[in-house]
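Each remark here refers to the structure printed beneath this line.
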């Protein structure tokens, strides 16, 4: 259970079966850095390709297709004080005829004060709530999928719930799992509907564990209060189907519910959160509060 | 500002330009009863047609097309102790190939203890959280729309946020607005994904106000912490567009934001809730916390 | 088998359970007139409400819920020489970000020469191919549905295949079926993607038959070469599901195929046509060539 | 303008930036072989991975990002007499509740007689109409995209119109373009709604040309009667937006229409065909008849 300090020197704009940047073991912790979505580092220098360049991949010894990689997000700390967002709603988020009323979209610069936990621009000051927008493991079939979108292996989900303390479960398709991460946000509303959060470079620490022989179908997660599954697809209806089906499976396989009881529990207590509704694939998160689980 | 005690003797399964059941004035309060979704009353007798038969319509004196009807939901109290749900996920909520694994769907009976604020079936006991599933005003063009679905005038939105204390804004299309209500639920998860909440008959009290000459485009609402708009359409993507566009308009018309500032505010702080994802039209709710409003 | 010459003096912008305009019998033929989509008659006078005002309803003696109304479209002849279209693609038809590049939408006027079978505007001359954009029977549950959209009972489907010689099958929900028609087009591409065809008033002749006790689920049709079903919903994916399911049922109930053979036949020879992709509900048509049927 | 006889010895199940199998020049013709969708060759031996393993990639000398690769499909000839299909409609194609009525899906074997131009199974005999289901060039950003789906670079579009004699235009993103092809079908209905056409191995001949500096946004094509664009996305609505936007651009850039005239032309004469509605991304084809072009 080593701790690795890893300073990346190259980045990827696809999540795929790329040459490992570092080999780590089950139980290891990694402290590393992520660029912002535009490819800029701690010094504000553009050292990666836009958008959402990834640190990694981290090869987890022993991980094989069919396993599950467990990633605990230990900490996300911005390593500079400037972040950026767009300033106009994305065209796909509003009624088609309303697009004609949208002004031109521009980048704006935010002051991020991590100590005070605030981010400010113009009249607005919001509390900082650090999250990782894009991370995942190598997808099946040798695919290399753009970090502009997401799939069953993760990717650019932009879900506010991927924050410090969360545990993420990822379906392993490649030997070593090949874990990537990047694209942290200081603040973001549901859906990332202006096409960005406050994009900022960060110091990130995470810890991996391996669940040998445990197979899942899409990204799952867990925090203090909930278990959840993320469906990544378009339209949102299909993302919802993916997420709901995965929670339904989970409730039956791990919590002793039959299909009827799991259905009733979901019918009475399911909660949905929205990740990204900006990218080619949208993200819907289906949640169940732990208070209802045995 | 009279208080009307109205005992309905007939019900509607469309929301349309029907003969008024009661004339009321701006500022009046109505205490009335709603059947459950199956058409059963307080005594469990089937006196209305399935599904979601509506009490009303209430003709609000002075309401004209282009106005907004404000409805405050004062109280929702079940008037019997038995409620019903289905017990299997709806087929449209899961991956198409997973439908083959769903068991047959049946009705189950819940014990609802309003004093204790609990509803129980088998191993499950959930806290009662009363909501109105279906309500609205007459739609435009003389339409009469099935209470199985929803539209810009409201209808079967099945949103958990339509609970006691909420204020709803409805776009008036018919003289007198013609307000209908019914289909209360004792407990329901997001999305009504088993096709029902705990369906139960209720005593409901509401108070109306009229905003003359104020025109809105779809259902809006407000509670202690948030303003929100409900988009009703399929797919969920389009419901999201409707709701987001309406909040965008609201932020600009009433809160002094220009399009850019309203976009930034939404981008940083918007929240989405899901109403119904079971009916022909789905419901997406776009919310903004009042703490961010001037 | 009477022939009725019916001159309408009022029109409806919903298809619903309205007072019959004329009672007719099984086997009767009706010769009547339809306004254009804007409500203008043969003389170009605005006598109906926009959009798609309907002639009718025609009450077919003996028609009861659960029956099928068969309507043969005998002829559609424009009764004036001027028609109108919009001149810019609808915003919902193009990529959201491309909406910014669309010019303002205006009405343009076409010369329709029915004898020469041509319609002309500016540099363009197209062959006239008369069709009925909007027709149907009263929907279930007493609904009255806007002629801006469509449903299982028909409505504004805007399918080019609803032309002279086609036979249409409609599911009866109201006593007398209550058949409406209007909104003829002289020329229209697939999808009605500029939001209109060449809108023109017409003389229309149709003949009805009743299939007692035969129940269908959505609009069906038949011409010399194909049988088909129309699915009306959004998104297009759902319209496709409706249409495909209905053809699948039809192949099994009437043509002696089991589910496997019907699937194989569809897999090898199904054809799809697109009706309207502009309205709240889109229309997808699923077709099977008669040459493959027993 | 050489003619290359290329016998593949390995295959790819992603379309990506893979090591070229053969270098060819602008104007060259290639005669090669494709496996069937299951990975079986001319002898029925499984030599490739399922599904839709690709022959190639062919590196076209001089092709650079921003160019267009023109591929003429000269001939598609099955090289064996056995093909296979599934025998039940795919679950995503029918109404969700109808899935419960679908039987189990199995593979069936067809006799393909290329001389007689027929394919037969059980009671069915259909005319052979050879097509290529899956082909494309390397996608942007170094992506490697599964041959189970499609994107702006092509992929598994399963469009019946990709047959002998068609000319296809592909947007080049990688040096050398890297053209792949495979997955030929002897017969297939619109939409590939049983999840397969008649899958068969083939001898294929194609000829490439390079359009330097000409940039397109998604797959385009041309045959004797039409120009067309293919939009690949889900839902079908978005695929339709992609295809329509691309044709709209093409009409303006190459045929001298302004936005209004191009809109009117499309409004009056556009045609849509459906490719795949089975894969993660669906395919919609937007067509314009050449008879209407200057």
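For clarity, chains are labelled A, B, C and D in written order, and residue numbers in each chain start from 1.
Heads up, the rule we're going with is that contacts are C-beta pairs under 8 Å (C-beta built on N, C-alpha and C of every residue); 3 or more make two chains touch, one makes a residue touch a chain.
Since this is a predicted model, take the numbers as computed values, not measurements.
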item	value
Copies subunit A and subunit B - rotation angle from C-alpha fit, nearest 5 degrees	180
Maximum centroid distance from subunit C, chain identifier (CA atoms)	A
Centre-to-centre distance between subunit C and subunit B (centres being mean Cα positions), rounded to whole Å	33
Intercentroid distance (Cα basis), subunit D paired with subunit B, Å	47
In subunit C, residues with contacts to at least two other chains	92, 96, 102, 234-235, 237
For the subunit B and subunit C complex, residues of the former touching the latter	13-14, 16, 140-146, 148, 233-235, 237-238, 280
Residues on subunit C engaged by subunit A in the complex (per definition of touch)	90-92, 96-97, 99-100, 102, 235
Touching residues on subunit B, where the partner in the complex is subunit A	85-89, 92-96, 98, 101-103, 108, 121-124, 126, 187-194, 196-198, 234-237, 240-242, 244-245, 248, 259-261, 263-272, 274, 277, 282, 292
